[in-house]
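In the two complexes that follow, chain A is the common piece, with chain B as its partner first and chain C second.
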Partner chain A sequence: MIEGLLNSFIAMAGMPLLLIFIGTFIGIIFGAIPGLSGGMLVALSLPLTFGWSPINAIALLVGQYVGSISGGLISATLLNIPGTASSIMTTMDATPMARKGNAARALTIGIWASFGGGMVSWLALVSISPVLSSWALKFGPWEFFSLVLVSLMLIASLGGDSLVKGLIAAVLGMLAGSVGWDSITGQERLDFGFERMQSGFDMLAVLVGVFAVGQLFYEILYPKTIDTHDLNPAGKVSMRMKEFIKHWAGLLRSSVIGTIVGILPGVGGSIGSIVAYTTEKSLSKTPEKYGTGYEGGIVASESANNATVGGALIPLITMGIPGSIVDVILIAALTLHNLTPGPLLFENEPDIVYGFMNSMLLGNIIMLVIMLLGIRYFAKIIAVPKTYLTPILLLVCVVGTYAVNNSMFDVWVMFGFGLLALVFRLVGLPAAPFVIGLVLTPIAEENLRLAVILSEGDYWTFLTRPISATFLFVALLVAFKPIIGPIISRKLNKQS
Partner chain B sequence: MQNSIRSELILSGALIIIGVLLFIEAEKAPVSWFPGDIGVTAVPKLMITALIVFSIVLIVENIVKLRQQTSTSEREDIEQKDKPQTLKLLLAAAYLFGYIVILDLGIVPYYLSSFLFSFLFIQLLSQWQPKQMAISAGISLVSVVVIILVFDKLFVVVLP
Partner chain C sequence: MQLKNINKLIHALLIATAPLLPAALFSLPVLAKKEEGTYPEKVIRVIVPNGAGGSTDKVSRLFVRELNNKLPVGLAVINIKGGGTSKGAQKAARSKPDGYTLLSTHQALLTSSALKINRLGPESLTPIAQIAHETYVIAVSPDSPIRNLDDLFKASNEGVNGKRIRVGVNPGAANHFFFLKAILHTKADVVFVPSGGGAKTLKQILGGHLDTSIFAVSEVHQLIKSKKLHALAVFDTKTHDKLSGVSTARQQGHDIVIKLNYTMYAPAGTEQSRIKVIADALGEIVKQKSFVEDLQEQSINPDYKTGAALQQTIDKDYAEMKIIANHIKQKAQENAAKKKR
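Coming up: the complex of A and B.
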């Protein structure tokens, strides 16, 4: 494993390294501009990588992923608007610190914390993935189906404010993923007689529609006004290591929390940073300092949100389950290159797995260098008016979606799902369960049907196999969380 | 609060109708010939049923909320969000729709339709300010040239 990782690291010198650099750089810019997101960038870049080697594609996309999560720090500090949702807790302390005239200091702490979080989760990725992958090799269709079910329940319950809405979004995604030819028998279904729908919806078209077009439409409906007077990261960019080291325990704790939250399917950086921030605040001897421009708050939030990247990659490369919504696009990237994410990826394509690990490591290092050197310049990029960016991004959406299959139908699908994403946002349906439901449907259905065929119609096999039964039990617990949760907390309150 | 309840009730109703339509469509699919298979439409039908059940739960949730609603929450509703730019959004969606139609029909060359789309879009977002026209045209021209160079020449991608 270590030898393979080192060989892959050496092989990444050259084009992959350059692509990680470009990806991280553009990712930081997209992360920094409120309204643009990592998901949007990765979805838009995917068509470009069609003719590339898988390693080059992974290098660019993972670089963008790391960069976009980190870039959110800039606008969170300077504008009090999180560039990405994962930086939401950073605003609590980074903005007050910036308002006191220490913007550069807040940014430097955030950058180092992001780097620290990224490195801890990279260590987790490297050490946990092989173990989890060899364990997952023992899974049969019963376990895979139950795993997908528990993943969908988790996404639906943790991704939004309402379990019912999350479940509706997941079911709608699964139905969208069921359109067209059935993967086992090749028979048509749910195509309403339209010939163009027989091959189903192209995943990339749906992803570009949901992440890019829908988001851009929402930004037109509710435009954010940016006060460019705030964009001044004044002060020295340096910070004494001694000051940073005093937060090492918080950094470690938050990074571990971020990694664990990242592993949970579809939960993402925002939940990771919220959980880490509140944990640090409750453990602190001086909780009153949080929210007033305290360094510990920035460290907790930024280390946790960057740590979700490595955490989210663990279920992706070991079981083919997306840990975050960007991972959904990474799955699409692997599929585009005829690779199947899952436990066999480790066995059959170890170079790809090492490519993921090394891209993340290099992306983190490059992010640190770029952000420390470019703080002042990135601050200016945030001020680029959306008036000019929006049509350019829409042009790229159209070309990129068309390019994959040379199909205008895909462009229509992109437009339709863009409108659907806007409606979702307006009525409060979360997008994450929808796209993850879309991606996981073929896995869930194939495994369910295979399991039923293998057990000759005996559904009890799902419960007699221990791992499958455990997953189903967890799924049930999550489903009944709205009922069980208040009862447990009432009992705990009574006891205390 | 009342707005969100109304929109959720409309959503639930729409989802139930969609669910019924999907169920009718799923019924048309052929029976699976694979021995022991649960069938081509078993999983979609299960999901459609789940969709209808969850939509009904959402309706019930909202009816309960509506009953519990007090006059104070109505006041909160007024101060909710910035005013939405609905007309701008509708025009933007119409522009994109028109642009895709033109590309699909292939009646106007890609570079010209893209330039016009970009120009009109920037003008729409900048409230049709006359002094903005030259800048809009310049940015649109540069973007189209860059997109053609990057996609067509550099990455050898076929343009619509």
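Coming up: the complex of A and C.
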């Protein structure tokens, strides 16, 4: 494997490297501008990659993913607005530090922490994926169905502030995912007599609609004016290695937490950084420092959110299950290049797997260099007026979605899902469970029915197979978390 | 929501729909490199009845890319998937027979027609040219007791360890028909499991949940080379470059040839002179070294046929597909009757 990884690394020189650079650079910008996100950028760029070699497509998209997660740090520090959801916890300490006149220092800590988190999760990606991949090859449809069920429950319960809202969004996504031909019987369903709906919704149109168009509509309805007078990071863009090293244990812990949270299907950067921050605070001898501009807080949040990138790529590569929302788009990208993510990717297309790994590694290094050198300039980009940006992005959405299938129907689907995403936002429903529900439903259905056929109608097989039974038990635990959780904590409180 | 905001949303929709104009222009003849009075003089739409990015789409786009260079006009690929390729095929068949709408497909046109999913049938289209073919191979897990075609035929009749063998297919699709074509003469009794196409079926075989299936060489040659799969036979007239050591069905004493033939069609009634223009251009393309290399990279071989020879191949294939379709329907009725009992 190491030889393959090295060969692929050498082969990345040239166009893939350039694309990683471009991807990371634009990713940082999108991550830095509040209202724009990595998901939006990757969805927007996906149609562009159609017709490219798969490695070039992966290089650009993974670069964007890494860049966007890191870019959120800039606005979180300077404006107290997280550029992306995954930088929410960064605002707790980076903003107070910036307000004390140490903005550049806060950014430098954040950048190095992001790099550290990215590298730890890259190591996990490289070492865990081959093992998990050969293990996942033994998974039958029973295990895959149960795993998808866990993913749906996790994203519904962790993705938003309420399990019920999460479940409503997930069920709506599942309904949208059921439109089209029944994969087993070939029966048409939920097409309401529209011929074009018989083959289901084009995934690319849906993703661009939900991630990009919905957000752009929201920006138009509720434009935010950014107070730009704070956008000049004061202080030195340097720090002593000694200062950074004293947080090594926190960085390592948070990176591991971020990686593990990333591996959990459908759960991404924001949860990773929240869990890591809370853990670090509870382990600290001086928890009162957290939230006052403490370096350890920035390290915990930023290393964890970047670590989720590598973690989330693990289930994608090994099982074809999205580790985060951006991974849903990466799966669509692979499908667009006639590649099926999952355990066979290692066997059939090792170059693609190594391409993912090397793109992440290079993206991380490039992110470090670009951000350290360009921090003062990136800060200015935040103030780019949306008046110019929004129409350009909408144009890219329309042309990109149209061009893949040369289909106007796909453009209307894109606008339809964009409006739906806007409505979701206005009524407080989370978009993540909707998209995950939509993507995972066909996988769940196919595996459920295959499992039942293979076990000749015997549903008990789901419980007699140990891995499948474990997954189902976890799904049940997550579903009853709102009931069980308070009971356990009450008992624990009584005991203490 | 305030009125001001609604106005803004309408404004945004107007901004958003403005770009539709250039998008629509893609399909207009304005972009064509005009040559008055001759065919072709405007953009030719090539319908691919599969999703963008799939293997049929990829191969079709290779032809289209080369045709773009050969013809004085541009060609645009339109993906219309669904109904086992019948949606796209019917759309092409119903188009004006003026040579500006073509269809790029393979035997899926015949299988969906034999199953009556495509109600218009292959006679609704005129074949222009077959450009290439993809060879098929039957494979099993390396630890399977089935080692060659004779073992497979025996196992299909008698089962393995007292159990009927489980074969992964995409119901009604080419791999389902192709597997039946290979074993039909044995009066086999196997369990067809709807595991889907290539990668999905492979995963089930490697996991030990299925016994066998039939694959395009491109889907499995690496796994066969690394001994993660065992190939029983290649269904071509000669062995395949990427599967050294794997004998053909003929070499094992069974005259079975199974190939996926990539063919371009025009709606029935299209002028022969126009069909000839496209057929000739495709004939020149298959002679190009770079094109052949691109095909072979995907384990596909150039195999150019046109006119009566092509029609004969299609007719023979369609007759076989109809026999297999009847067999599938009969089996489905038997299973339904068994369930009722």
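Definition applied: the second predicted complex is superposed on the first by the 496 of 496 C-alpha atoms of A that agree within 3 Å, B and C clash if a C-alpha of one lies under 4 Å from a C-alpha of the other, contacts with A are read in each partner's own complex, and residues count from 1 in each chain.
The criterion applied here is as follows: a contact is a pair of C-beta atoms (placed from the backbone, for glycine too) under 8 Å apart; a residue touches a chain by one contact, two chains touch by 3 or more.
For clarity, every value in this text was computed on a predicted model and none was experimentally measured.
By the touch criterion stated above, A:221 is placed in contact with chain B and with chain C alike.
Looking at the shared chain after the overlay, A:335 reaches chain C, while chain B stays out of its contact range. In the overlay built on the shared chain, the residue A:165 is in contact with chain B alone; chain C does not reach it.
Using the contact criterion defined above for the overlaid structures, shared-chain residue A:48 touches chain B, although it does not reach chain C. Of the two partner chains, chain B and chain C are each touched by A:402. Look at A:140: by the touch rule set out above, it reaches chain C but stays clear of chain B.
Within the superposed three-chain model, A:448 lies in touch with chain B and out of touch with chain C [touch as defined at top]. Judged by the touch definition given at the top, the superposed model places A:427 against chain B, while chain C stays out of reach.
Once the two complexes are overlaid on the shared chain, A:180 sits against chain C while remaining clear of chain B. Chain A residues in contact with chain B (one complex) as well as with chain C (other complex) are 50-51, 184-185, 213, 217, 220-222, 390-391, 394-395, 398-399, 402-403, 406, 408, 411, 415, 426, 449, 453. Listing the residues of chain A that touch chain C in their complex gives 50-51, 137-141, 180-181, 183-186, 195, 198-199, 213, 216-217, 220-222, 335-338, 340, 342-344, 347-348, 390-391, 394-395, 397-399, 402-408, 411, 415, 426, 446, 449-450, 453-454. Residue ranges on chain B touching chain A, taken from their complex, read 4, 7-8, 11, 15, 22, 25-26, 29-30, 32-38, 40-44, 47-48, 50-51, 54-55, 57-58, 61, 81-82, 84-86, 88-89, 92-93, 96-97, 99-100, 103-104, 114, 117-118, 121-122, 125-126, 139-140, 143-144, 147, 151, 155-160. Partner chain B is touched in their complex by these residues of chain A: 47-48, 50-51, 162, 164-165, 167-168, 171-172, 174-175, 178, 182, 184-185, 187-190, 192, 213, 217, 220-223, 386-388, 390-392, 394-396, 398-400, 402-403, 406, 408, 411-412, 415, 419, 426-429, 441, 444-445, 448-449, 452-453, 456-457. Listing the residues of chain C that touch chain A in their complex gives 1, 5, 8-9, 11-13, 15-16, 18-20, 22-24, 26-27, 51-55, 57-58, 61, 76-79, 81-84, 87, 117, 166, 171-172, 193-196, 198-200, 202-204, 206-209, 219, 222-223, 226, 228.
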